[in-house]
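Data first, discussion second: the structure below is written as structure tokens.
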């Protein structure tokens, strides 16, 4: 810690918040490994056999990781220009919640519900997206989905309607004696069927119920094509746009692959 | 109610049937919430535990909603120019069926089958599609599917044939002792398998049956690609078509939504 | 029958083999209904309850349909110019096999295995594809799949390899005590999992097995994208081609939508 | 063997390593059949019934195949110019591991774990990809997937995160009494659900658990669209790119495979 603080603030900022320098990259990768280790800890601790055999080791690792995260959190606050902005930012809150539960566990001994808060630590993993090359790919996907949001909403709305109507029908056809004990449970069954998950914990027994189920399945099968089509078209559009050149004249950068002239100002584009 | 009827007919029409004015938007959103609440009521009433504990509350809410819907139905009839046209329109019939069951429940006490009619109330939810921005997205999807109807029909026809043939074969291979008790039931199994739902309530036991099932699954897996391809192409086409204008100079017609100049010859495009 | 044979041969040919005339369309639709009825008979006869209650009726309908099919078969032979060519054509053989089992049932009384041959009658349903508008859509789909056959083969080859390797691994990991009693059965499980059918009749119990299964599922999930992509691209290509005009000069008819010149001979195309 | 070695080295090389000559094709097809037979042996030997009945036959075939593979391996080493390069190449190592287990079985009698190594023999099947026409299709698919690797990574990363978070939540909601005995097991359930496999060995029992599961399924259903879109776009791009040449006159580069003239200006294209 001490040695770290001797490093000039600006260089430290580059190391911790950016990933362009060699030290910045090393820092990011080490941090990523510690985060993944902390997630592994939460996961492993829930396995009764492992928790029993390695309880002490898990607790020690838990404290080491918490201390590393605490140190990192403090350093981050000290080197940013506007500490409060960081503290109340998305990552700031997650970073805080990542260290909180371990300290709380001293006060509230053996509190099971702390696992819930500790699970929030998982969200730290999204820092991996800071790694340069994935930002771009992630943003592209995000924008493609965002551009199709209305179509996706309409689609989900129709699916929800079908699922409610089918659930109600199945409740009336099969009834509680075949496991369809209420409309919410029948809707749950309809979602399980429509999405082709098909647990089989509830399944139709009467011929009429099986006939309706068959229709729902085929409809669900055909309907799976719709979001696929929407997203594919969204990705095609977005990826067409991102692959191109910038106009000399108006700096517009959103041209199709085969455009010869800028579509904004009519300037001829360079090949 | 009284105050509502004092509002001039034309303004009332804009509020209830359109969504451009501020009051119109508020009306639509309030109506939507009442509709969703009415659906929630139907769903919750079917849960034995909830129906037992809150029977009186559910009944009261049921009557309040029915009265709201009745008032809305009467107002709608009074302000449209051709009342009969509305009464026999799609939404008119649904609006009527949405209020009917509660009144019928006074005459036919405890009639379980009224739930069926009450479920029709779910269809009122499609009014949400009147919200401006979703109409366009919904129509586009609808037109894309409609344009592909012949391909989808041919596809479903092949699937149905495969399913009948496979069902018959499995009935002969596995037979009633492994749950394949009749051809319709075997067809039901084939649909469950082909659509990758896979409940597991019926599953092949003999090596030959499992071999045939494996082939059906892989075929079904490959076949899922076909409707996806059809719909994707349909959406690509429709979304291309709705965004297109033609250049005056070179007649090139393949422009993006936000293009102001022809990308082939640089000619300014008409807005 | 008699009256039918009084109709001139050529007109009869148009009625039975073509669908352009009014009588031809009526004939096709009636035939289709009889075929669908005959399939329904095979299916219903397999339901023990129905077979018991309506045995006599089913037998009578069976014979009526067989006689209709026999008459149709004889007329078809008599009016085609090359009877033997029809008899040994795909539809000729199916038409023959469709009538055979009922006659054989007189000789081999109560022979269960005749259902197998009778199931061949299902194939008659493919005559529906003769209905004009579906031929085109069906051919397009068929050509799109055919054009992608090599990619699909490579894909299936990889899937088969993964399935064999995963099946072998799971046999070694889980072993007979958890239902993975042999490699073929483990391969069956791998196919059930990879295609996301997931019956649940066999499922991994050991942590290692569940870990491997998880990887297989995610791989299967990602892999489902591949045939979809292949087929979508195939359909895009074929549908681009079929939407176009024919060159005046060389009669080449395979142009893209935005082609201004024939790509075979360089002749300017008509707009 | 002796006669084979009399054939000049160069011709032998063409037969064994290439597939252009008639003998080369025959060699490849025979080898492929032997490889498939050897895989069939591994698979069949694991079926207890078959192993019991045909133990001797399986053992003899096993040795015959091993000797054929050994001979092939030696010939391959002798005719390549740089034997060591072949020995340590991907196929060289697989060819070696394919013959090893049978010889080891003499030393380590009845060693079950040899099946693991013997399973490596399955990898020999990839030699089938040497068959000319499939190389191209396979490479294209591979390149399409490779070009989309970043998007696929980001997608898998999100899926893994959702699966870990959902798994943790379900562990807290359902708990060990409903089969969600640890977080890893809950994550396994989340993967089974999200990929729409749905075994049903573990399934939510509480209303809250079923509600969360429903959301996961619908999200999973929507998310299945994303890799499909990514791969489709990847394939569209790669297949466009591999079929392209540029017009000398107008530099238009968007031509189909079979185009002889530029579709924009009518200029003859170079072959």
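Brief remarks on what is shown
A, B, C and D are the chain letters, set down in written order, and residue numbers restart from 1 in every chain.
The rule we apply is simple: contacts are C-beta pairs under 8 Å (C-beta built on N, C-alpha and C of every residue); 3 or more make two chains touch, one makes a residue touch a chain.
Just so it is clear, the model here is predicted, and its values are computed rather than measured.
Common neighbours of subunit A and subunit D (chains touching each): B, C. Residue numbering at the subunit B/subunit C interface overlaps only partly, since under half of the positions present are found in both copies. Among the other chains, B has the CA centre that is most remote from the centre of subunit D.
Across B-D and C-D, it is C-D that has more C-beta pairs touching.
Averaging C-alpha coordinates per chain places the centre of subunit B 40 Å away from that of subunit D.
Distance from the subunit C centre to the subunit D centre is 28 Å, each centre being the mean of its Cα atoms. In subunit A, 184, 187, 196-200, 224, 228, 230, 232-233, 236, 258 are the positions where the chain touches two or more neighbouring chains simultaneously. For subunit C in complex with subunit A, the touching residues are 196-200, 228, 232. Note for the complex: subunit D touches subunit A at residues 150-151, 153-155, 157, 161, 164-165, 168-169, 171-172, 176, 181-184, 187, 193, 196-200, 203, 207, 210-211, 213-214, 217-218, 220-222, 224-226, 228-230, 232-233, 236, 251-254.
Put simply, subunit A touches subunit D in their complex at residues 39, 42-44, 46-48, 115-116, 119, 122-123, 125-126, 128-129, 133-134, 136-138, 140-141, 144-145, 152, 156, 159, 184-185, 187-188, 191-192, 194-201, 224, 227-228, 230-236, 239, 258, 271.
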